[in-house]
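Dropping the structures in below, format is structure tokens.
In the two assemblies presented below, chain A is common to both, partnered first by chain B and then by chain C.
Let's turn to the complex of A and B:
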């Protein structure tokens, strides 16, 4: 055994120090303040009082209005994640199989939208999906009756999928890059059709990439603000827009803080549970 | 009629020909080795047969059926990949059973056949391991088991034994040969180990820079290499440059003023030729009693034989003699070299690359 000099043992702490300080200052501190805020008493006439209460949490979890919004948030985020996975996996596969000038071009096409502000893209979608938008014009052109898209969950999901797709494609694509193409070829030579080889051989190997993609997309969708704000309108709220309203319209900061904490905890629980479920299996298989 | 035929098959990557105009016919049940140095196109040839690389030109015919454009999963060939290409997310048993599943073999039979096959490659205790938990040689055997278990009509093996130790390699060679004899599987094996190619094949195909330069039974390949490259690649040999002379009925070769008797050959006098003589065909005699005298420059003991390098008037010559249990002449001694003229092989220097053409 080699004994380490004791002076060395402090260097990991020193090295991790700046990052840890930054993390504490930028994330832990505001979070702690928010938690404290969420327990403060609020009075409509006088504002925040110097006393503590659980009433905001109780109000949120017992009110149909808030629960409805939470369910919608969950539904929209789950739907967005599912659609992103269904579109993103084949997209990443095709991208990985492309040869080089095309691969670079299409990678840029996929990443490109990230360079445009989400607000701009949300406005773009609201123009496309509006009652006189391009989509409805096209529907009328082929003789179908126009549909109401803007200010519906469908609009939010469509726009979220558009924004989130790169976050799904890139981790899957990275996982595909690491794949030995001969492994897929081996499946073919053993009699597997292209589809079977994809399902039985390629997909399980990129499951970790897909898992991280799903986690990112779900997390970002559940806390998305600009898209539900612009495409959901005043009435169709999601968690983040609800928090915004409580803070800036109702001025009930403690209630907003309580909602934010509930969303954070729920999000965390869902993601951890999902991670445990899928990852332990995948880790054992892929090492 | 040939069971498997490559008809003028080529594969070009840009301007480079990985495989150039390959023609080969293989009979049912034959064991053929593709032998050649690294990068000569062996893997490419094999993968074209497997359907994983599309030929740029030519036809591949299997059992009378043109399979040039057939999908790999419809060819039904067993392939062992150079990189093994095991399924990393499946256990050893799942890897081996995959091909049977694809063939819709009933579950009970599947289990039985996988068990037998794992016993054959001596991996029974590893059935539930994942490939990454195994050594290179063990993975290689999983790859062999996975290809053999589907009992394919044609087996394509890309350096299937390269990672095994000498003893296991010999056992596996024996097993491959046994299975191949028993089931009558037509086998094509890629190797760059000439000893392996010679020992287990019915025929050996030598490839050089994408071209198949000689296709012959191992014995004939060794005794009658068609060019200097093959002579030196397949076994050891001494290559000596000279000029062809006619000498009555027999031939002779002039090497810097020294005339050596050689088997007759059909060259015009004055052709530059290369003489090839195998180290084991030269005998050591007392000085002055052989065809040439030489001084022993070095001497190596290899167990079953002694290996000498000798300085002679025709250049440095390697000689090997079997170990008979007594010590042969020492370094620095002068000895006579003798051989039977029939064991010399004369190769026209210009014939080094028959077929010629573009590279």
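Let's turn to the complex of A and C:
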């Protein structure tokens, strides 16, 4: 259990072995099976065949219907990421400048909803944005005509921003914690305006936190399921709801698997690019 | 540290309102006496809460989710503690790969995991099995426990362990009497976080649950896509209350910011 770090023994594998086997069997094996499945021939009358084909991938990247859904997914995820950054960065900065107990209380308010089920939050937004919802009632109260919000991309983006905001605030907040407040004060005393100090001193130091927040938000938004499912309705599909439909309504598992694999590969590429970027930056900083 | 200006505070107020709005509206509508989703302007009623407890499907799904979350969080601790010890205490070939494997469910979208598990279930004939559902949830929640266990282990003063070993304690006794009590906050925090994440999980579960094993979020999702009445608000309000209680415990015991933001 506890031994000197220098000891070379089989202990680490005795400790982690069972877990490693379980994880390999529950992650690597099913993923491999899914990759294989995505190349299997599917026939609407007889189901999955024994032959192999590339047609599902070709269908996904050439068919207008699927391309439209992919574009919507990218558009919605990009929009969500942008809005999250625009709201999350100043909010984290404001939080960092608060004093306790307010700072702890509001940090809890901002990141606490992370623990509330996403179905609950999606349902809350469907009530707020519905045709008789609070937003439309407020619009009518000030004399404006009601707008159709529910089952639009706008509704999906609004609710996604709500769900993703903590993922943006947390890394920026962490970066701000490492920032010495005296550095900003030094910039002011040297004659920099507040804006210049923010732009030249604070922003560069939190940019990495912001970048990691953006990647997390983008990845999670692009594969989000409950929000587009409940706020996009039947017609406004995104990648995740499309996979769900292929699996449980169309029963075309190979096609669904192909889309899921594309989502996975896109996610992993983003993560790799991020790691590469962080490493180059660290190397440049070290000289 | 500078103070926030009025403009900053106004912005902050709007963000807080935005964050709380959907949760507040749920809690209000849950008390409506009407048959439609509406604010309880004409009085407060508990009829929709009663309707939830009289609805056999919701009650069954609730207990199913509670059991699922309890079992998967506990088994996740059983995997994460030894794995955390191996990763933080030893240098060995494949350590980084092992760490990456255990943390990979955080990077793989739940949608993809759901699809992959569904394929596995279909091949081994596990559809509808509760034990297999627990196995899938263990995969999803173990990384949360592992991260906190690793953080607890790295912040540990090892001289107490060394003293015990020098005084002749076996490595198991040292773990049981010295290390385990010292990382207990990390383990408990990890367990609670794992419980909440399992209890809330929808995207993966919706692929692998069968009618007999439907979890509460899946049940709610299905219900919300078909009919919308205030009962959905009542269930949601109960879930918010449950989460808020767990959050308060987590915050009082460990500081929620530490657990969610990570150790600094």
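Methods note: the second predicted complex is superposed on the first by the 244 of 287 C-alpha atoms of A that agree within 3 Å, B and C clash if a C-alpha of one lies under 4 Å from a C-alpha of the other, contacts with A are read in each partner's own complex, and residues count from 1 in each chain.
In the analysis below, a residue touches a chain if its C-beta (ideal position, glycine included) is under 8 Å from a C-beta of that chain, and two chains touch if they have at least 3 such contacts.
Fair warning: this is a prediction, and the values are worked out from it, not measured in the lab.
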Touching partner for A:187 - first (chain B), second (chain C), both, neither: first
Chain A: partner with more touched residues, chain B or chain C: C
First (chain B), second (chain C), both or neither touched by A:277: neither
Contacts of A:51 with chain B and chain C, given as first, second, both or neither: neither
Touched partner set for A:201, first chain B, second chain C, both or neither: first
First, second, both or neither for A:11, with chain B first and chain C second: second
Doubly contacted residues of chain A, that is, touched by chain B and again by chain C: 185
Partner chain A, residues of chain B touching it in the complex: 50-52, 71-73, 75-79, 81, 83, 85-90, 98-99, 102-103, 130, 132, 146, 150
Chain C contact footprint on chain A (complex, rising order): 1-3, 5, 7-8, 11-13, 15-16, 18-20, 22-24, 26-31, 33-34, 37, 87, 90-91, 94-95, 97-99, 104, 106-128, 130, 132, 134, 159, 162, 165-166, 170, 173-174, 177-178, 181, 184-185, 219-220, 223-226, 229-230, 239-240, 243-244, 247, 253, 256-257, 260-261, 263-264, 267-268, 271
Chain A-facing residues of chain C, complex: 1-4, 8-9, 11-12, 15-16, 18-23, 25-26, 29, 37, 79-80, 82-83, 85-87, 89-92, 95, 98, 101-102, 104-105, 107-113, 115-120, 123, 135-136, 138-139, 142, 161, 165, 171-172, 174-175, 178-179, 196, 199-200, 202-203, 206-207, 217, 220-221, 224-225, 228, 232-233, 236, 239-240, 243-244, 246-247, 251, 256-257, 260-262, 264
Of all residues in chain A, those that touch chain B in their complex: 180, 182-183, 185-194, 196-197, 200-201, 204-205, 285-287
